[in-house]
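In the two complexes that follow, chain A is the common piece, with chain B as its partner first and chain C second.
Right after this comes the complex of A and B.
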């Protein structure tokens, strides 16, 4: 009799636990999260203060207020690439300063086409991956669309080797931190704590991007710069003596992508302290001429 | 006998190829073709931590480590006295660099989708392949880490969603008829084609497009030439790289999209693999057993892997152990903020662990609470009259 009683006392209550007690999500939490999303709202309309009729397309880029008024080049390579390309295509547009939080896709640039009232379609922003089609459809000058098989290969040089060196140079190199905070951190907040946090986040994000692209766990600037130098020399070789890349008669998207980096590296208005990338580029006179040509055609 | 000067450390063989990793495979093919087999040894160390940079393939020559395919090729060209045949005109050199970069970035992304991110390929062929390469406890830590980096690559191609585990809990059990909140029978959702397809099948259309773009870029570049850069002369470094990527793309996976696209539409590239296969000499590779790791080293690697997979702390730990940013002289710089963030991460993880333990010790929320108490002994006979009754209870007359 007594043994029966003690067994009753120690026997645990009926527990609805799954196969693995510790790592299973607790049932009430699982039930709660299964309910989400409760409701998906339709996209917000544009704020009331935005003008109903925009007769000219607007490209939102990273730029300072005063530069935006003058229509100067953006200081962000991917924004500058599209800004330049839209100029090549002679699309009529103006630029406005913005930041990533304002963009529907989370990244700048994006373009709001000229809108008519009550036309919902004209209020849809165009993200950067659809800008090429937009420029070809709305531009005054038709950009020759000559697919070149080598273009994709050379694009990978730009998107990896040169971009990695750019990321290191601007975001991680301690000498350039003054420039970094002038471009990306000071416009965001005046609080010192927020600035420190943002600087930390930006650096970590840049590091993660480089590590992901190079497949090497450590970031060695000497290697990054020498890889970028090889890439610039290869681009110089393939440019040859022609005015534009791949023997095209008109500048195209690839020229705009190259210009986005070469211009910013050589730009005197940016206070580069660590000038190694510019020194590397100085050994490629063809690319410098290419940059000067575009700067002259589009901005002077 | 002096040991051969060049030691190539790689990931070991899988899928009937000499290595599971494209760059290692390219390095093996390059060495096999360029260097007499007495002059080098091949070690399937399967352990990126053999060299200080934590990257395979790695080359050890006169106690200098070189890592990564292109660095190794450069090193061999400069330091080893063999005819490597890379006498290229500048435009060819530029093309070689660009296509090598294209192969290692786009090719890697495609392989990441096809061999790692795709759940069925991972479960059926890739993970078993790694399990046969790695010693016991490391099979728990290394393959998942490799997969998570591959999934990041797949994300860059917009295909990362493939890897998400399919949640099967939510499907109602077939036996019960469900009712809506108003008491009507709920009709079961019609299973359209999209709902019954494997994730690989829904992604197939986009993936096939990416694969065809990749192949046609390579195919147009090579044209009718024997090798990628030229018709005459020995193959160059980019040929071995292309050979390695294309061979791994031809691996038979559960959903062989890469393989089918290659074999159906790009005969010239399939022929190229055949040419390279013919080129490689039939002599055996100079395989050598890797030095035994020892229980301590194995345990160290394992605990490293375990710590790296703890959310919140793992990233910082990885960065601290082998990553980080070097300054221009190649020294590690460790910043102070990072240490703070790491410590914060550790504290938060511990707090989360504690909270979980606390939660586990509580009774399940929402379940009805049962209390178990010892049943009261029923008081009968004279006992119900208190102490005196109990004394009298012992008397035989009342039994």
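Right after this comes the complex of A and C.
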């Protein structure tokens, strides 16, 4: 932020109010004030952990430090969705590992646009619900807006059926607890107590999400998986034989949303022990091809 | 009589005891005693003692009345030296009085309250401050008594064991309301348990519990275990810090009043609740970290009045090592801080005695050195926002806003790894109010420098998990430290009014910045300061 005094010098006339804003300062005093400070040095250098690169937009996602440097896909579906979408739109951005505490909305991802140091306004983050508009405004390629009357229904397949199975598989299924720990718990802290507390919190939150979404008091994994299977098959049908959803010539936001789940379920870098979701997805070759296409276009 | 500051004192009843060897003496140990009377009786006592100091005595019995909730095993060590010495052949009155005096002094420490914030060692009051001492001759009818026998009896009054308190508190730049429960003397050995809940202007909420006990009945050696959960709003860096943690501390004091504390603490910190305009640096540091640290504090306070020092000096050093070796946790560093301050009364020609004018000065400095976690194979990480020093504000470098010095990203004060600050002030009594009043006019000039360590070897990556080798940490630290001395420090000067309330010091200052760095937040004009520890 520019210091008070630099702004004072450029402002014509006496300051309208004192530093506390309680009373007006008489003109002679204001003139005296303007002489101070007598000497101004250049600004202090920022600490080592402050980001140096500010002329590129930064997407904050769940990712490991080393993967972030290589720009690899995030392991979190909603982060990966927007990471993929920004790539579709050919927005120039880099990614940084982060956590929900950093986000203005309380959940990742969010994007910090390119900013000038010492400009407060330019550091305002863009939460995920405004990223589509940002990508359209700043992307090099225009994402086709293919209106589809049934889009909402397809989105709800993803947001409920597939997401519930994903939540169960990663957060609750005991077989995958090593993977959960590697992705979401170990990066938080080295302390065993903190890890235990975070694990507990995550599991409770996932359970609550599933219960809220299914409106059933108990969680039945068999039902969740069969609903996910139906949803994947339905989406396979919607995709049809075309390369992208809704017969579009270019991939869009819905393609990114699907890819965010299909890629992570099939990702061999993730050590899934309970592979039921992957087995379900193997019955949908169209979706697998769709995933491979995006992976190839965006990351290879 | 025995006072808590010297083993001599008393008046003519004692004379009677010594001359007639029949009378008994009962004397209250009163802290505020008429000055002349005390001096007079002390002088008489000294003469008497000098004449009778070699009078042989034996201790017949010691009785303590009124300590119904206090364990005998707690009191025994206090009286042990008295009993042991009295067995010596040639035990004299002077020796006995000295022993009784030091024992009562210890008991008084269990009856004293000290300000909790300024001193690491807090005496736990279990008795009311009036401790009665009674010396008497055993009955002549008792066949076992010898002519040199004396009985010692003490009357104490225990304080209530449960104390509930609500109120408001003033700390450094913070006001808060609190409720607390104190359980005294739980196991009859001056152990206490305190539970506190508070909410304030900066501390959104804080809950803490502390159990503390003297070791081997020694009031100058205390062990305490504490736990806390709090959430503090830090607007100067656009975030809230939530803490959950606990620790164990050993406090001790030496005879000359120096205080020490050795402690271990383990705290889970969450940097969360970021403001919409939080800078990229703050966003990068948001999230969880655990600090596991050993702290050592030394304090020598020889000031006449901590709230309005006009003579004497203070030395305080704090050393903290976190994350290194077997400590664990997520942050590794050593953090050292030193504070020196002193004041000199200035005699004014024509004014007899203390003029009320004094000159004071203070110096503070600190250094945070990144250390590798555990045994150091991964290199050291640069410091995080919540570990770095902040500088500036009405209680340290006046004329700057809170955290106003040092590096800034956008509107956020990021803190620094090395700092130095100094102040010079002159206190002058108000013309009408006089020397004894708690008001002073203050002229001051203060300044400081807060520098963050840069990572010179940093490549283009800015992943927060970056590690630095020992060599690059050393080089970066040298360069940061040398930057503290380049150019003038950021300086402000001004004039103000000081009011030294026994609980806190209030300042209203008018100041102007003389030297600043661009981005630093200087205040022009009036600034209010409330606190207990000023630079």
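Following the convention adopted for this analysis, the second predicted complex is superposed on the first by the 242 of 300 C-alpha atoms of A that agree within 3 Å, B and C clash if a C-alpha of one lies under 4 Å from a C-alpha of the other, contacts with A are read in each partner's own complex, and residues count from 1 in each chain.
Note that in this section contacts are C-beta pairs under 8 Å (C-beta built on N, C-alpha and C of every residue); 3 or more make two chains touch, one makes a residue touch a chain.
Quick caveat: nothing in here was measured; it's all calculated off a predicted structure.
S.K.: I'd like to know which partner A:60 touches here: chain B for first, chain C for second, both or neither.
M.R.: Touch partner of A:60: chain C, not chain B.
S.K.: For A:294, decide between first (touching chain B), second (touching chain C), both and neither.
M.R.: A:294 contacts neither chain B nor chain C.
S.K.: Going by the contact rule set out at the top, does A:179 touch chain B (first), chain C (second), both, or neither?
M.R.: Once the two structures are laid over each other on A, A:179 reaches no partner at all.
S.K.: Just chain B (first), just chain C (second), both, or neither: which does A:218 touch?
M.R.: first
S.K.: Looking at A:42 after the superposition, I want to know if it touches chain B, chain C, both of them or none. Which is it: first, second, both, neither?
M.R.: second
S.K.: Looking at the overlay, what does A:149 touch: chain B (first), chain C (second), both, or neither?
M.R.: A:149 contacts chain B only, not chain C.
S.K.: Touch test for A:104: chain B only (first), chain C only (second), both, or neither?
M.R.: The answer is second: A:104 touches chain C but not chain B.
S.K.: Report for A:96: first if it touches chain B alone, second if chain C alone, otherwise both or neither.
M.R.: The answer is second: A:96 touches chain C but not chain B.
S.K.: Across the two complexes, find the residues of chain A that touch chain B and also touch chain C.
M.R.: After superposing on chain A, chain A residues 5 contact both chain B and chain C.
S.K.: Which residues of chain B touch chain A in the complex?
M.R.: Residues 53-55, 67-68, 90-91, 93-95, 97-99, 101-102, 105-106, 108, 149, 152-153, 156, 169-170, 213, 216-217, 220-221, 318-319, 322-328, 330, 332, 337, 341, 356, 359-360, 363-367, 370, 372, 374-375.
S.K.: Hey, which residues of chain A end up touching chain B in the complex?
M.R.: The contact residues of chain A facing chain B are 5, 8-9, 11, 13-17, 21-22, 26-28, 30, 34, 149-150, 152-154, 156-157, 159-161, 172, 196, 200, 207, 211-213, 215-222, 230-231, 233-235, 237-238.
S.K.: Quick one: in the complex, what on chain C touches chain A?
M.R.: Listed in rising order, the residues of chain C that touch chain A are 266, 268, 270-272, 274, 276-281, 283-290, 292, 328-330, 373, 382-385, 388, 406-411, 414-417, 450-455, 458, 460-466, 468, 476, 483, 487-488, 512-526.
S.K.: Within their complex, state which residues of chain A touch chain C.
M.R.: That would be residues 1-6, 18-20, 25, 33, 36-54, 58, 60, 65-66, 68-69, 96-99, 101-102, 104, 112, 115, 117-120, 123-125, 188-191, 193-194, 198 of chain A.
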